[in-house]
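Taking it in order: structure first as structure tokens, then the write-up.
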């Protein structure tokens, strides 16, 4: 990778590492609370195939909600634009687990990245695939180039035991008729889907098709069309960070998605993807240091879409 | 301008002109209801100075909420980042005149482009300028290169006589202490600010500094910093179209701002600005044909930021 | 019973019977949809032990939410005033299955008669009784004087198979920590509790302790204190009819409780209880003809608490 | 008055006087903040004409929202049941100055005792009376038997200067078309209406017609019908204490109305009215000691409607 990019990442990493971490590790999924809060890694993958990382960039972590982009990609690939009859494309303006807007919009989630929307996407995959769990796994294996990737039972079980709010969301949507399968089955898949573990390096590789017009970097295989890619990127920009999406667009200026495991992936179309991991979260549920690092990178490099 | 751009605009214009217009002219500001609903114009200004327009692109119309971007620019220039203590940067997720979120967030508007946010910006300008009305006018005159530009009394008076919801918003925020001047004075300026009239050509020229890193096209004069420019563009993308902002990002993929007069301005950083005008609005208050035309332009040209 | 009361009931019954029934039978619990919509009965029980009924007053129907008053009585008897730490005493102002206020009040239901509040009451009974289902049944058997009374499996199973919204409510409250047992167990009891079937005559007898200062009519046995009785009556008046509680107080002027099976029970302290049944519901979920009949009775007799 | 009633009041007064006052004087109307917070008075008027008071029961105070019952009475007398097309009869379930439900119900206030509802009632009076201010004053003069009673300019002006939230409410309702006159005129009357000052003794006399089936105590003159009286009493019970109405019904069990001046009036139909005054308010805006005293009176005497 060109030394200019390396330098930008090194500077941002060093600067952010020395900052006081004002975040808190998520504890509502018990298993996540065992992670070492000092973990901090970053990895950039450029479309020319070069890549560069620092810190704990090779250590796997639970990507959690970041997986929602991948399940959406698979469902969108299958249903095309008809998918938007089941889930909308607007920012929610409120907390990620809010039920208020589901009431207002009669069971249609505001977007596919709030929990309710991702649960509807899981329902769609169950309806349209023979074995949703296996085929989704195959899909991520292909994108990541990791044939042995699998769900983490420990994480999934931990969330299944405590995820009452997601059970509430799923049954509430079901009461409006916008879940077609049994809530238990849908939730079982949802919790598995969120349990995937990847390192920063693997994550930046996995998402590179979205910076690359819908084609994998490795073998230029078309996953989705250019138009669909553009739309998923737009969705990440407006809805990827819960009720801090505006803030992220404002400070970082890239499409991206965060997870409560402390990971964030972001991308600059036709240019690069970048993944960062630091477990402590700010009050809005996004990695405290991850946000800071990405802000440094785009401010310093002027490599934002705006 | 290169013929490729001209062709794209001609195609989009022709295609959209022939479509059935499913929108409705806004009637809640009586004066706006007198506009010929068949008006339809588009104008693109490239950063190389070339420009090209079609239809009623030289006819003036009431830019309404589009002016909020300009008042924000002036207030941001004066206060810097401290401005965000008075108004947030998040999409609202609800109707543009909603009071619900003002209640939740104790008088801090969600962003500067919902009415409540723009009213707070007017309050800021009154506090920090000797004569806010005159100095704001001078500011737009400079940006547009139109030394005779002035407020439209007819439009402003029409809105003052019927703008009860904005009176409600302003007094409600005042009750939380986030309006510092008298509501009557703030609203008087707000209604004047929204009454500015520009043609598509003038509008695309006026906004070109936001595509140009904060500098005017004509004489490369710095209006605001690159970083501020990036942030205003990010705000337009996430919040520029009321509760259809996600949809616009999704379909068009450009930062932009609409007004109930039927105008929309959008821009591709480092590249071009484009203004379109068609008075009939979709149910979300955005120009029906304007949205369609811009979608054609970016889909056809692949010239979106995503 | 004195002939004046008989006359009032006869008049009200005849008048209401001849009215066009503008209501609709509830269909969201499939089993309820099989009921003959023409059923119409009324029964009054006076504290002197006399009683009088008309129409289908001896036919059993599903009392549904009316049972919430009885489960509250038992839980209140056990916990005393501490119960109000788990559930509030305010009208909800919104639909009976609303999740909005649960979000605002962090899992504390507004009152024990909205579904969420009744579910919390079931949770309390499970915690404090060895066998909540059996002991609640014993309690109603005692109040009603019907030793063979039992849950209706058909009704309960029908609701269990479709009660997704109640599953959502229970899990949502659990996510706030205000359900102590497993949601499945709590809901199982809740659906059974709502499945009780009584006739108008039996219902008016069963509720007579609330008109009688907390003592049974038959043997003057103290069920709860005078003060508790007064408070349960106040709760029925302010919260007994979902978001039509104000309307009922306004038109009828008696404490009461309705159920989606089309039953209503109301009472005049120190005087009488009255039960009415007509399966078709108005848009707020209360028996259309039941409301009308009770309005006639209290307007005609001037026997309201106001 | 019988000694039993005197004793009950004396006991309740003594007990409550010795309690620590956990309330706070309202400060949002500057003029109210000048009141001596130690003021404490109570006065009961029985339908037999006897009456009895203690403490500062002869000192005048600002009755504020209590006047809403009187303006409603006058408007109801004029319009009859048609009035309910303009304002509903349901408890609001939320803060007294909430705008949320106005949005949900399109400008129809939930009941005539929330500020928005009382403002609509003022609008009705302006429409239907030649000189609403004068005729409303005449009406209270008649009810109270105080021919010199007048508005308090000091209080009204103080509230006019700071009542931004009420300005917001009035303009918001106007935007839905449910205010027919100019907001400024309606608010001017509203603030005057709330500025009336009465002592506990005068207040209990003034409200005695509502305990007396709609007829004045002094000369048995019919003010409104029995049915209307019953309905106003029902409204006071369900909606008289903002979002603490359920609590008041639950603890006190009487129809009543409170004001931010620290006054409360309550009544037992066919029996008595009672007024109490203590300026410090609980967090819900109702007199802290006033609530306590009334709870003592009804618990001790068992003289509640339940």
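Structure notes:
As written, the chains take the letters A, B, C and D, and residue 1 is the first residue of each chain.
As a convention for this text, a contact is a pair of C-beta atoms (placed from the backbone, for glycine too) under 8 Å apart; a residue touches a chain by one contact, two chains touch by 3 or more.
Model, not experiment: these values are computed from the prediction.
Any chain bridging subunit A and subunit C, meaning touching each of them, is missing here; the list is empty.
Using the mean of the Cα atoms as each chain's centre, the chain most removed from subunit D is A.
Rounded to whole angstrom units, the spacing between the C-alpha centres of subunit A and subunit B is 32. With centres taken as mean Cα positions, subunit D sits 47 Å from subunit B.
Centroids of subunit B and subunit C (each the mean of its C-alpha atoms) stand 55 Å apart. Of all residues in subunit A, none touches two or more other chains. A list of each chain pair in contact follows: A-B, A-C, B-D, C-D.
Contact residues on subunit C toward subunit D in their complex (touch as defined above): 88-94, 101, 110-111, 226-227, 229-231, 233-235, 237-239, 243-247, 249-251, 253, 255, 269, 299, 302, 304-306. Contact residues of subunit B toward subunit D in the complex are 98-100, 102-103, 164-165, 167-172, 174-175, 183.
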